[in-house]
Amino acid sequence: MARKNVVFIIKSNPFSWKTFEALRQAVGASIEHNVSVIFIKDGVYALTDWKPELIGIEPIDKSIESLGMMGARVIAESEAVRERGIKLKDWGIEIDIMDKDHICNMTKDAEVVITW
Amino acid sequence: MARKNVVFIIKSNPFSWKTFEALRQAVGASIEHNVSVIFIKDGVYALTDWKPELIGIEPIDKSIESLGMMGARVIAESEAVRERGIKLKDWGIEIDIMDKDHICNMTKDAEVVITW
Amino acid sequence: MVNTVWIIKKLADFPELELIEEDDVIILIQDAVLRTPSIENWYACEEDTVARNIKIPEDRLVSYADIIDLIEKANKVVVW
Amino acid sequence: MVNTVWIIKKLADFPELELIEEDDVIILIQDAVLRTPSIENWYACEEDTVARNIKIPEDRLVSYADIIDLIEKANKVVVW
Amino acid sequence: MKLLIVVASNPYSHDFNTSVKLAKASLERNHSVSMFFMANGVYCLLREEIKELSERGVKVYYCAHNANQRKVKPDSWAESSSMYGLSKLVTESDRVLMFD
Amino acid sequence: MKLLIVVASNPYSHDFNTSVKLAKASLERNHSVSMFFMANGVYCLLREEIKELSERGVKVYYCAHNANQRKVKPDSWAESSSMYGLSKLVTESDRVLMFD
């Protein structure tokens, strides 16, 4: 079966079940696809040191760790991070900071784009 | 039991089940309260001649008609109507067009305010 | 040849313009039909437009079958 | 004496300023804690703020019990 | 204080979290709390948190029409009601919080 | 064309309407259609429209974890699956539409 380039884009609702489900989906996909998970706009907040359990949401740490183990890339939009003046948490895996142009190119090159 | 001044404010999602449920709620309340249903911002679209059944939503005509029969007031924000250049449908009951200032005063005077 | 079909649900959520290429097509659905975009290749879902009583030129309206055909002809579809 | 307590869920949904009176109080909850308002009498739900790792001065933070007390003291509460 | 919390949001939303936490805080302040679930809020009746609130003294009501429409069959700790029932709860309550 | 529609939105949303209409239109064009329900989308399995699509040839899958979590018990016309199952459907599909 063909391995595909699959890009997940998390662009809003960073502190929600949506982000949790998006990451679960990305982990599942990373087993047989080349997966990149890209956080843009308000989505970048999901990569800060927030506390999901305080607001009744399951933590996303395991999902991000799994993405790292499966060789998936995790990317944050540099403009979005800078504009919000936020600091990303150390998730134990490498988070690539990438500018909009590069993110555009990755999206264009992807075979499947899934947005949340 | 005390009859209360209850204001319902529909401010977004005009073409949705939310509007349908808000109106059902307002009809129920109008049996024993002085009800005003105020459409502001994008909410005013709900008073145009739209076709809910085309997008899988139940029509709101009966609810608006019932509001009229129960003596509830139905109000549209004049600025919101003008900015959007829309024409309100003839719902068979009187729709008051009211400016923001009046709507503010009604909201301030209300005992209960329910927003959608 | 259509490159990417962008299905847009809300206008506030409009994809960055740099994402859209010349041979891409934009299809407005749901409440996105309330405001029309400033770019060239766009269509609006007819049923969603008629349901909202919005005036959009006939030649911009597409049926669900048309949308499926556009998706089939394109390389890729993105719901944004 | 508090007149109306406004509970704000999203900043884009901020009530028109003309709605807010001098003796009103605003409480930011959920994602509304991401951006702070320009007016005087506001608080933010502590748990929602800490959960999002947002820095807000201590004296602006209120617990759920505080929120309930503010609602009790006010004439009216509006979730906007 | 008699507090009425109306929930029309689904159970995996911020509104669910907020309304549960506010209900708990009210109980701790010895207020009388009613919760009314309607629209997508009726799915909340399937969550343990609401059952627990009911056990701790929150009166739980729901719109029977919405529950029926969504094929949700609430347990007996939740009381079947209607939009007219909601209206009567508004009469009895000192404050109403609407989450949708 | 093999079309995969993933639905994470609740059944009283615009996304529900859009995905049902797109699935119908695809069937009429003789495409092969799969629908995958996850997150709040699993509540959609309680709606007749999805059952009808299944009877007309749409393959309906759902995330068993999400259904279990939400106490939704799907009928047998819907196939229990997982995030890995979804990944395999992505492999087989020519186009993927995500609604959330």
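Going by the order they are written in, the chains are A, B, C, D, E and F; count residues from 1 in each one.
Definition applied: a residue touches a chain if its C-beta (ideal position, glycine included) is under 8 Å from a C-beta of that chain, and two chains touch if they have at least 3 such contacts.
In this text the structure is predicted, and so the values were computed from the model without any measurement.
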Practice problem: Treat touching chains as neighbours and tell me the shortest step distance from chain B to chain C. | Solution: 1
Quiz item: What's the chain with its C-alpha centre farthest out from chain E?
Solution: C
Quiz item: Per the centroid of Cα atoms for each chain, what is the distance between chain A and chain C, given in Å?
Solution: 26
Quiz item: Between chain A and chain D, what is the gap in Å from one C-alpha centre to the other?
Solution: 31
Self-check item: chain B, residues touching no fewer than two other chains
Solution: 15, 17, 55, 112, 115
Exercise. Quick one: which residues in chain E touch 2 or more of the other chains?
Key: 12, 14, 39, 96, 98
Exercise. Can you tell me which residues of chain D touch two or more of the remaining chains?
Key: 31, 47-48, 76, 79
Quiz item: Of all possible chain pairs, which ones touch?
Solution: A-C, A-D, A-E, A-F, B-C, B-D, B-E, B-F, C-F, D-E, E-F
Quiz prompt | Touch list for chain A against partner chain F, complex | solution = 1-2, 4, 6, 17-18, 21-22, 24-25, 27-29, 31-33, 112, 114-116
Quiz prompt | Complex contacts: residues of chain E adjacent to chain D | solution = 1, 3, 14-15, 18, 21-22, 24-26, 28-29, 31, 95-99
Quiz item: In the complex of these two chains, what residues of chain F are touching chain E?
Solution: 10-12, 39-40, 43, 46, 70-71
Self-check item: Residues of chain B touching chain F in the complex
Solution: 15-17, 55-57
Practice problem: Could you please specify the touching residues of chain A with respect to chain C in the complex? | Solution: 11-12, 100-101, 104, 107-108, 110-113, 115
